[in-house]
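First chain written, first letter: the chains are A, B, C and D, and each begins at residue 1.
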Amino acid sequence: MKKLVNAPDRVVPDALRGLAVAHPELAVDLEARIVVRRDAPRAGKVGLVSGGGSGHEPLHTGFVGFGMLDAACPGEVFTSPVPDQMASATRAVDGGAGVLHIVKNYTGDVLNFRLAAELCEDAGVEVRQVVVDDDVAVTDSLYTAGRRGTGATLFVEKLAGALAESGAPLDQVAATARRVNESSRSFGVALTACTTPAKGSPTFDLPDGQLELGIGIHGEPGRERRAMMPAAELAEVCLDAVLADLPPGGPVLVLVNGTGGTPLQELYVVCAEVDRILRRRGVPIARCLVGDYVTSLDMAGCSLTLCRTDDVLLRLWDAPVQTPALRWGR
Amino acid sequence: MKKLVNAPDRVVPDALRGLAVAHPELAVDLEARIVVRRDAPRAGKVGLVSGGGSGHEPLHTGFVGFGMLDAACPGEVFTSPVPDQMASATRAVDGGAGVLHIVKNYTGDVLNFRLAAELCEDAGVEVRQVVVDDDVAVTDSLYTAGRRGTGATLFVEKLAGALAESGAPLDQVAATARRVNESSRSFGVALTACTTPAKGSPTFDLPDGQLELGIGIHGEPGRERRAMMPAAELAEVCLDAVLADLPPGGPVLVLVNGTGGTPLQELYVVCAEVDRILRRRGVPIARCLVGDYVTSLDMAGCSLTLCRTDDVLLRLWDAPVQTPALRWGR
Amino acid sequence: MPTVTVLDTAFFRHWLELAVDAVHRESPRLTELDSPIGDADHGANLDRGFTAAALAVRTEPPGTPGELLVTVGRTLVSSVGGASGPLYGTALRRAGKALGDAPEVTPPELGEALAAAVNAVRELGGAEPGDKTMVDALLPASQAYTGALTDGGSAREALAAAAEAALAGAEATVPLLARKGRASYLGERSIGHQDPGATSSALLLACLRDASAPGAPGTEAGPR
Amino acid sequence: MPTVTVLDTAFFRHWLELAVDAVHRESPRLTELDSPIGDADHGANLDRGFTAAALAVRTEPPGTPGELLVTVGRTLVSSVGGASGPLYGTALRRAGKALGDAPEVTPPELGEALAAAVNAVRELGGAEPGDKTMVDALLPASQAYTGALTDGGSAREALAAAAEAALAGAEATVPLLARKGRASYLGERSIGHQDPGATSSALLLACLRDASAPGAPGTEAGPR
């Protein structure tokens, strides 16, 4: 295994120490395993807490700061954090206006956040939870765990974060978070599998010349295997899947997301094709974000997320944000 | 070859199209192959132009914008751009106060920029050039092409860019750029070789369990091969090399740079070790940047750059910057 | 052979010791099972959790079987994460609560605790039998235990039946199509693989059986 | 065999055609040579440059040998990039300038152009003979050419001597330690590999020799 680490079971705490060095503006609590804004709790402001397995950096720790999350709870690599982390984070950011939990739809995340909510309510903190489930590669039915939460998490955190920063009440922030999730869909593709520090070898075999469509963000195998194709064709396949479930209507936010092992250059190539295809389909791109935001360790590949937007959401998007991974306006 | 591309010889123009989609605030001239600030030329402001082979994204195109570069010239993958690009860029950003070329010390870059300077001077534009050569893996002697330019380029572009933004004259901007370069040293390590689109296979063989020390940014082999080691030990090796050539004295800017195929999580692990070692050696970290900034396509690995700093340079570092890859203060 | 009629704290502590060892030993296999239809962490998750539980029980030795199970459950919840942490943790907490604060537990009471554990998993996770989850090992185990007692079997015999049913249940998940948890994303591709959670459930029940072996601590014939 | 005494634009255009083909054909090998001690692009670089040069010469046909070489040089400079673009480009521009605007070139004049090319490379790149660069092929070639003429050889004989000296020079770079360009970073590890630039120089000189083959266009005996 070739990784810049000390030992598999030290990766998460070691990385948190590094985060603290690079971002003294964040309070990194190694004991409680939470990352919190230094100015939290802010009286009267709705707190935003998210979290999930590590290995998706910058998600979520890189999105803590002004205009986005108030706290993040990183779990072990690809493993949901535990309720104690979420409860600590919630207590740390509650300014009396309640706290919104942003939960990606994985059984582990959902269950642990559910137990955390009980703990928080026992402690008298008002909590709402919004579950993000944007990945169209998974059928959303009674007979699955439902669609997975992937790239839309960034949109939910940014837009709900901006609204919370403006002083909106808990129910309104939660409603907007839900609306953003419902307006978003994603589809991902892997060129290589990823290697978790614990396992030390790729989580699945992907032969040369093949790619995996409908991939998750935890190194799970995808929906279908296909022969390698040019970026133009691949973008078409991904957008077809997304748009089948999110009929276009007005402008969109676009996230061209790298999964960790793909050069930025290639993401721009994909972005150019996405633009070409959306133009042809008459879908205007309102804003477009290209980079590694929701990663899967060292996996090569990318995912596309579209979010149908309007003036209200666009204003929230453009509002100032100051986090390690997303920053503008201040 | 597994890449999100259409064809090897279309990578650079395709990626530039994508850059234009994601960053409408930049003027991307596909014909002239240059990326220019929309507000260029600004009368009385010294223009900053850099460029080099592509495949190091976000360097340099991602550093075009307020407070940093006025234009960038991307060459083919790992191939210096041609003088025509540099001359076009220089003309496009000259606001009458002259233009500074920031050149990484590679024979190709140096020669092409030299020819470009002749063209520019023929056209009546005053040009200064600063050559960045921070990589301690290469001996700087009469008998080599000299040290290579790597991570310090970011520091030079940011600090000289901030000074130029403040209205300083050409000679002062050039002097600061030179001072930043002289105050900076880098050392890089690769866990895997990279694959250029043109070659389609890794540029060298790096067996499992081995790493390459003193690597360049173009997939060139490094100085020495060693057995894999923990991040703590690796950081020690890199910092030893850097500090041997840059005796500590006061606070430093630190860049923990990913080479493209390494997860952010691992860079934070390295960052934690760098902090530990510098603390022990009594070198205070003034600012620390962690991420993929000067990459080598999909290479897994990292490089460390230190820049000795002072109040003047720190003020320039903290000054607002608004580019695709580096942004704060606005 | 002597009949087990009451089970005390030492019995459950012994179970925990066996479980800690077994989980650690089988951790690579559990993670391996979690690779084709999951995210390759089930073994590591449980290993972390049971190691933490052993520490918790050593640090503050519980006075009753119920307290011990609650402590283990709470520790799993706060150290495992993932899907299995809340599920196993809540299951053991509920089992412990079902036992109340009695210093000793009768075989039928253990049956009620097992049933409470299964119900907790079903309630929290929403899985039906046949959904290819730990329920497919836990439910038949609980039923076999109660059935064996009803048929006049000893606690030891009932625990042996439970362990056997759990193992059969785990093995029977192979042909199933997953409907809950991470494996459900794979749809048809989940068929043909044994569920890691059902496998670890069978392992934990085998430890319960082994804890009741003749001469084991906490059983009637064992050291007090 | 007829002696070549003057070389006109058609001769140089023929050389260019041969060079375009040869560079395209040998491009993989040049890139391969550039892998262990470089960045694996020398073949692609030259291929791009000579393709562009052919187009430039077709689009605006030059009227004199000097103009042709200047056009080719300028096109290489503005299409190749890397180290070889400015070096070969400037070399050919200077060679073209040395020829002035004469419609025909004598063998000694070609010798002066070759010398001008070599000097341009040395001036711009600062490489000494033995530094493991294209200079190690170009300098002996230029010297062999002049020497052969001085010894009373024909232009064709002199070009053959030049091509041979270039090839020998390129092959002699194998044991050298690189002191200029990208290969110099490798220090001792650069030893044992043939320099890609010296190899392409030998290739371009072989094309010049082949362009002077009996009956080739632009030579005395060839079509006018």
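Following the convention adopted for this analysis, contacts are C-beta pairs under 8 Å (C-beta built on N, C-alpha and C of every residue); 3 or more make two chains touch, one makes a residue touch a chain.
Only a predicted model underlies this, so the values are computations on that prediction, with no experimental measurement involved.
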**Item:** Whole-Å gap separating chain A and chain D, where each centre is the average of the chain's CA atoms
**Value:** 56
**Fill in**
Note: chain D sits from chain B at a C-alpha centroid distance in Å of 33
**For chain A paired with chain B, centre-to-centre distance based on mean C-alpha positions, whole Å** = 29
**Fill in**
For chain C, residue numbers touching 2 or more other chains are none
**Request:** Indicate the residues of chain A shared as contacts by at least two other chains.
**Result:** none
**Request:** With chains as vertices and touches as edges, which is it: line, ring, star, complete or other?
**Result:** line
**Message:** Output every touching chain pair, sorted by label.
**Reply:** A-B, A-C, B-D
**chain B - residues contacting chain A, complex** = 2-7, 11, 14-19, 21-22, 54-55, 57-58, 62, 191-192, 208-209, 211, 228, 230-232, 234, 256, 260-275, 285, 288-290, 292, 295, 297-298, 300-302, 322, 327-330
**Message:** Under the stated contact criterion, what part of chain A meets chain C in this complex?
**Reply:** 53, 75-84, 106-108, 111-112, 114-115, 137-139, 143-145, 148, 196, 198-199, 203-204, 216, 218-221, 223
**Asked** In the complex of these two chains, what residues of chain D are touching chain B?
**Response** 31, 35-36, 38-41, 44-45, 48, 77-87, 90, 124-125, 179-182, 184-187, 189
